[in-house]
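Right, I'll just put the structure down here and ask away after.
By letter and in written order, the chains are A, B, C and D; residue numbering begins at 1 in each of them.
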Amino acid sequence: MDLMEYKAKELFTACGIDAGQGVVIRSPAELDALIADIPFPAVVKAQVPVGGRGKAGGIAFAANTEELRERCVSILGMTIRGHVVDRVLITGRVECAAEWYLSILLDRTAKRPVTIFSPEGGVDIEQTARTAPERVARLAIDPLLGVRDYHARYLLTSTGAHGDPAALLSVLRRLYDVFIRYDCTLCEINPLAVTAGGSLIALDGKITVDDNALFRQPEVTAYRDSLAEDPFVLAARSFNFLYIPCDAAGSVAVMSNGSGMIMSCIDSLSDRGLRVRAALDLGGGATADRIARGVSLLLDDERTRALFINIFGGITRCDEVARGVAGALAKRPGDGRPVIVRFEGTNKREGVAILGEIPGVRYVEGLSQGVDALCERRSAL
Amino acid sequence: MSILVDGGTRLIVQGITGREGTFHTEQMLTYGTRVVAGVTPGKGGMSVHGVPVYDTVREAAEATGANASVVFVPARFTAAGAYEAMEAGIPLIMTIAEHVPVHDMMGVYHTARRLGATVIGPNSFGVISPGRAKAGFMAHAIFSPGPVGILSRSATNCYETVYAMTRSGIGQSTCVGVGGDMIPGSTFVDLLPLLESDPETSAVVLIGEIGGGEEELAARYIVGMTKKVVALIAGKNAPTGRSMGHAGAIVSADGTGSAARKEELLRDAGALIAQSTEDIPGLLRGLGI
Amino acid sequence: MDLMEYKAKELFTACGIDAGQGVVIRSPAELDALIADIPFPAVVKAQVPVGGRGKAGGIAFAANTEELRERCVSILGMTIRGHVVDRVLITGRVECAAEWYLSILLDRTAKRPVTIFSPEGGVDIEQTARTAPERVARLAIDPLLGVRDYHARYLLTSTGAHGDPAALLSVLRRLYDVFIRYDCTLCEINPLAVTAGGSLIALDGKITVDDNALFRQPEVTAYRDSLAEDPFVLAARSFNFLYIPCDAAGSVAVMSNGSGMIMSCIDSLSDRGLRVRAALDLGGGATADRIARGVSLLLDDERTRALFINIFGGITRCDEVARGVAGALAKRPGDGRPVIVRFEGTNKREGVAILGEIPGVRYVEGLSQGVDALCERRSAL
Amino acid sequence: MSILVDGGTRLIVQGITGREGTFHTEQMLTYGTRVVAGVTPGKGGMSVHGVPVYDTVREAAEATGANASVVFVPARFTAAGAYEAMEAGIPLIMTIAEHVPVHDMMGVYHTARRLGATVIGPNSFGVISPGRAKAGFMAHAIFSPGPVGILSRSATNCYETVYAMTRSGIGQSTCVGVGGDMIPGSTFVDLLPLLESDPETSAVVLIGEIGGGEEELAARYIVGMTKKVVALIAGKNAPTGRSMGHAGAIVSADGTGSAARKEELLRDAGALIAQSTEDIPGLLRGLGI
């Protein structure tokens, strides 16, 4: 999951990186209690887990208390690339002599962390890499050796940056600590401000944490639970399903048992011009009870106009699937939205027999037949 | 021949006394796999479906001469299980669990190379050489022996493909669940050479996904292969930047890892591109299989 | 260097291993201040960096204060295998249900640490390995993986030991911490007592620290400096020479520039029946001044009856050697003990010329000629 | 041919601006070695005897295509220097310093194998292929080109041997200072195969010491060698249990690592045993060299 700036800075600070001082508020009313701690001129920054805040008006300066209050009022509640701003970070403005870029991310192909550095920070690093590639250094970190002093030296001298290798080494070591300690796939500081005195301060930060490691990251899990998330995502999480919102304007919901199959379903539906609203991954070996929960969850979304269930039953048994569908629909008499079911595998015959008894449910043989069945109903979707 | 597992495989089941471990041990035995030992800490001396249980992999290996292990333990203990097997000198290790932290697998990946072990998975159904042996949890009834090797990042898409192939009378030499995680223990390029040099494999099906660069690397290798390859890339229409459950299936903003790029490179390398699993038997028939 | 039991136990304790409580005294007079802290029955143990204390009478029990004082008086000042006992460790006696053996040492051939465990501790582990090999487990530790839980399980089950794997794992992890943190080549606990309640206590300990790592081991260096050592060793250390006491009854001192050459000299002299008292390694590139210091140091030992200097001058220049010898002997008019010099390499001719001017010094061509020259003087040695 | 270093060696000197580094850079250049770059942090842009200095090994390697490095830095920084060179992809690294902590070398040893680098030393004079190139601090005047490869744990005993050989008219193909530490970067068995397959090497001199098991392992390899080996084991009369400066030279209590055992195994493997360095030219003559 992607952490917002303020949370990323909290983790930086925990590992000893200077990320400045700041306060997070969720409503302008909180300002009164905090105003004494805020240095002016101040910066107000919308907290959203996406980039492009500046262009969207999500960052503003304030010279005094009145301006600060106005900025908070205007930014809180704003929508930036689909995210409603429910908290802002207020910090003092930092004067800097230069702005660097520094990140550590997982290089999937090399299977190791890679650090990227540029003395041209504060802008999109991909743009710098295109326009001035000699100003961007990329260096693999051997996970068994970690960060070494020559890494910092190389980043500086190979990009022609002027700065103290020891200071950069210290930030790089700590950023690597963040990367390891919090199970990150990305830790980015941009810009990394260089003050007139040569100190380095993280002015903005971005962290992506491996979802699979949340069980050992209580701090990140608590943060996640503080977020206003899609209620369907939350409901699915409470049942340990994976719910994937797809096309907000879509009308077909997909349920399957494995992400590969879900991708195949989405691909097949999309190829025929059908738009998928959301997909739910049951995982392996779901029981009738869990199937019923999944069906209900998807049908609870009123903008779902049809449900496509596609199960390849290896561990999951087809009769369990059918019983689950029956159970969920029994609680929704007269719902009327079409449910197309395709399954294959263990106890298929029993499953088909059960499905035959449920009004509004159509069983099909094979994925493409399922897609055909949905296309027939295209006008209602 | 087949690759990785066959009649000569002497398999350990790590976590044999767990629910999944016990169930699939029986399934594997039924399929004819030589499951020679199980391991569960504190349960040494027991037996499960006639298979002796040891406290450590090292003891199990010393007592039975095992040459492979399948790790049926929860995600958070999977790396520890793999390390134990590697340190005990087991050359082939199948890891099954979904949701193993990617940092855990980063360590396992590099350790496997250092110690000369082959790790398959995680997030994998395992490996099956139809009619000979299986190590994992795949629903084996749909598989049939034959000349096509399959490497798949997705279990369900592999099942669909195998089911369609078997119904079309096309059997499989070995099917490997490479797993869909960001860092699998073995990637396509690690495994393609084994299929290329397996005399019983005549063609290869490669089932990939969006995200990562493994299909791109595979394309480079395929250029020099003598055997034909049919490839499917799932996730063309997946929402960008969102996890599709396989942590790996994230399309990066700039298009690397995209289905289009992967398909293009694979096609240029001489592979036939399937649009869906249902296309695959037909494409294989076209190759004379 | 080999640490005495009490120092080893201090390092164990620093890493969280229970090594019991104890006090170290250097004179019975110190007992009065400490007596309140000593639990009876007590054990008094001579502190020497060698084994075999028990047989030598260096370990005794005391039921009360008077006995304790008597034991301390009799053990302090004792000589055990050449070591004068200048300190004793006093601990409470521990009742134990079993005595295990546990060590971690550097396996030079495998280039990694190896751990050795046996449920038959308290005795010589080599004897157990001979008489009951199935009761001794040996397991390599991969330095990049460290100690893992299955190591402890394996040590127990493969030797048929009865005990809690978690307790052994905890001690093994901490012993490995000691091994790494203090740059050890050996960390041994023997016996590792198992109490009736299943706790593990290190009753005796032995640690060998890599001499080359003392620069980063201030605690061990301080300990070394507290030891009563051979004054020649101390003098050599203050000049950064390596001084090697050899045969206490020997009469020939050897000076050379490299340990390989020193070994060859000792071998050649020994083969001809000459006994080497001590050897001094100058290291590379010694100046005349350092050479003079080395010569003086060796001649300061009155039991040295002859000095053999053998230098292969690569970095070290022969004229410097000669000047050093001249300088040292100038300060010892009438010393009379023979000095045989052989050197080879840079500025040899100049060196030979200088040596020719010094009374009592004989230059020889080659190692074996040097040995011959000493043999001629055998009667005086 | 010779081994390890020759006219194709493009050498980096790490620590080039230090006293030893500067002096020996000049010596190596005088000997004809192609010293292409030096490295000293913070001194990038300088030059030493005409050799350009860089801040990091990676930059030096990128700029000059260097393929070897000699690490002239103090003992406590030697491991860091070796890691830097290995991470920069340098395939051959000579470490010189005495008194490198053995735990440091344990890490370097395993990392070198993992990354495919050859590390020589520490506590080594380096490597010289007489008449071609040298990388290290050996007094090169005594060396002469010829057909005998030398591997030595001791610098001084190697000098004595080379001096005696050169005076007897027997030259050397390559002399390697293996170093006398407990864990050297490369051991006899790592290097013997290179000499065995070097067409310009006709015989091998192996100068060992008491302590450790490297001579014992070498004996096993020597059994299968086509080239004859002359071996010397120093330290027969060294006091047991005491360091002889080379941390490695500790005779263990039970006699493993003893000179007698090493000589016995080497003799059984077909090596000729010299009693002193002065014997070596004669033994080589006896082999027809």
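Quick note on the criterion: a contact is a pair of C-beta atoms (placed from the backbone, for glycine too) under 8 Å apart; a residue touches a chain by one contact, two chains touch by 3 or more.
Bear in mind the structure is a predicted one, so any value in this text is a computation, not a measurement.
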Smallest number of contact steps required from chain A to reach chain C: 2
Selected pair, greater C-beta contact count between A-D and C-D: C-D
Most remote chain, CA-based centroid, reference being chain D: A
For chain A paired with chain B, centre-to-centre distance based on mean C-alpha positions, whole Å: 28
Averaged-CA centre spacing for the pair chain D and chain A, given as whole angstrom: 54
Distance from the mean Cα position of chain D to that of chain B, given in whole angstrom: 45
Residue list for chain D, restricted to those that touch at least two other chains: 114
Residues of chain A whose C-beta touches two or more other chains: 144
List of chain D residues in touch with chain A within their complex: 41-42, 44, 54-59, 80, 83-84, 87, 111, 114-115
In the complex with chain B, residue positions of chain A that touch it: 106, 108-109, 111-112, 126, 143-144, 180, 183, 185, 210-213, 215-216, 242, 244-247, 256-264, 266-271, 276, 281, 283-284, 312-315, 344-346, 366-368
Chain A to chain D touching residues, read off their complex: 142, 144-145, 148-150, 153-154, 157-158, 165
Residue numbers on chain B that touch chain A, as the complex places them: 75-76, 98-103, 106-107, 109-110, 125, 137-139, 142, 152-160, 163, 180, 182-183, 207, 209-214, 217, 234-239, 242-249, 254, 275-278
